[in-house]
Amino acid sequence: MQPVMTSEELRAFLHDAFPQVMGSEFGFTVDEIGEGYTVMKLLAAERHLRPGGTVSGPTLFTLADVSAYVAILAHIGPVALAVTTNMSINFLIKPPPGTLAAKASILKLGKRLAVVEVAISGESDGVTVCHAVATYSIPPR
Amino acid sequence: MQPVMTSEELRAFLHDAFPQVMGSEFGFTVDEIGEGYTVMKLLAAERHLRPGGTVSGPTLFTLADVSAYVAILAHIGPVALAVTTNMSINFLIKPPPGTLAAKASILKLGKRLAVVEVAISGESDGVTVCHAVATYSIPPR
Amino acid sequence: MQPVMTSEELRAFLHDAFPQVMGSEFGFTVDEIGEGYTVMKLLAAERHLRPGGTVSGPTLFTLADVSAYVAILAHIGPVALAVTTNMSINFLIKPPPGTLAAKASILKLGKRLAVVEVAISGESDGVTVCHAVATYSIPPR
Amino acid sequence: MQPVMTSEELRAFLHDAFPQVMGSEFGFTVDEIGEGYTVMKLLAAERHLRPGGTVSGPTLFTLADVSAYVAILAHIGPVALAVTTNMSINFLIKPPPGTLAAKASILKLGKRLAVVEVAISGESDGVTVCHAVATYSIPPR
């Protein structure tokens, strides 16, 4: 499964399409695009944090959702507008403070549905803190 | 299954414990507490909206998570600190602009685990736009 | 949401299409068809039981899957061949011995995807023992 | 994460505890035990098959459930009786006829909850046909 967009193209597209998420202020970045997967990072800012410095559940959900979406986009191109239909997300342990990495791996890329697995880990120790599987509906082209 | 907190007690507790979510600016309110369920509402503010006036996925996730948490709290009291371990969420249709209502119904309230179903609908037409089932771990008392 | 098949039509179709599940030996029956929902029952036979007389997880999964499929079929007719794409299932408490009832309620019936919620309860006490939400892909007609 | 049981110990335990699943007739085998994972295989017999030679959904569910259970058992020993509380399962493509391999990887092994990811693939081509994430409640020891 070959990506069809470069990191640069992806960043430019996301910056235009989702200014509220991808702006420098929010802290999501696309770090790697590979065959069937992408890696994004979240430099957790103050407003993502719960007391104790841990990243909140909604922020982890957002990271998982954006990462899965980006992985699909990277492999089908910017024309399609995929929509999240389902996400099952497991919160395994409290994330450590600091940068989180989200690896999104495509399990299925069909004509109508895509299924993507996302593993989020702390950059410092590599331990998986959150795991999600999401389904996206791909509109007819 | 009888609630053990009044709406007033619940609001006061949430306001202290989660100022970032329950502040007037965010727009979550507890509207009803019944046997085995609660109803919360979200008066979607500008920053919850996507282009076209639709409420974003992360905002729906947050509403589902807070609603399920509140339903548990209302039935076990403010002492316990339940933690979300899993949520499976289905996005059914794009929510209409305006107020959303989230009914959280407790499916199981065990000593160690609670399972809550949440149906989110548009207040104007009552159509379910998002459905979630969440599991919470309840710490030993 | 109006059903388009009668109980008799549904039974005849299922008997032909799924002899291995709907044969008298297995014990699944269609008990009720209503607006947006169906009720099936399982008269648990010896081979569905675990030690202690409890119904096994795979049998509950099968009951949930067949019930959701039947609810869709009842509302779109026997021509379409819906395929399960996702099921999230929660096992709440051990089912009591005896007959189980599965109420399948359609949350969404779109052109391409249907989402159905299934609550399985013991007929004797009505307590929900298992809850599932399933997504089905509906092929183009 | 080190396994604490050998393949032989695991097989003997399962054969005694689950004769209905692990008997030679059903066709589940434990093929590999590694650090944090196990691999089981299913030699699909006639009664697991749907028309066209494809393995049924309930059989895939059973394979996923047994594999996750076995992975936990291999790492905590045969004393504990873990119970499935949730499974989210995605059916990606129709499985090919023939042997299926299920790799169960432990995402979390806590004192009270374990979370396991299972990827099921056709032995002939290695393509993932089904993916599941399951949560198990571990009783107090």
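In this document, chain identifiers A, B, C and D correspond to the written order of the chains, with residue numbering beginning at 1 in each.
Heads up, the rule we're going with is that contacts are C-beta pairs under 8 Å (C-beta built on N, C-alpha and C of every residue); 3 or more make two chains touch, one makes a residue touch a chain.
Every value quoted in this text rests on a predicted model; they were computed, and no experiment measured them.
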For this session: Please give the intersection of the contact partners of subunit C with those of subunit D.
Result: A, B
For this session: For C-D, find its twin among B-C, A-B or A-C: the pair where over half of the contact pairs carry the same residue numbers.
Result: A-B
For this session: State the chain with the largest centre-to-centre distance from subunit A, centres being mean CA positions.
Result: C
Problem set entry | CA centroid of subunit B to CA centroid of subunit D, Å | 34
Exercise. From the C-alpha centre of subunit A to that of subunit D, how far is it in Å?
Worked result: 28
For this session: Starting from the mean Cα coordinates of subunit A and subunit B, work out the distance between those two points in Å.
Result: 24
Problem set entry | Shared interface positions of subunit A, touching two or more other chains | 85-86, 88, 90, 135
Problem set entry | Footprint of subunit D on subunit C - complex, ascending | 20, 47, 57-58, 61-62, 65, 83-91
Seminar exercise, completed: In the complex, the residues of subunit C that touch subunit B are 88, 90, 92-93, 107-108, 115, 117, 128, 131, 133, 135
For this session: Could you pull out which subunit B residues touch subunit D in their complex?
Result: 85-86, 88, 112-113, 135, 137
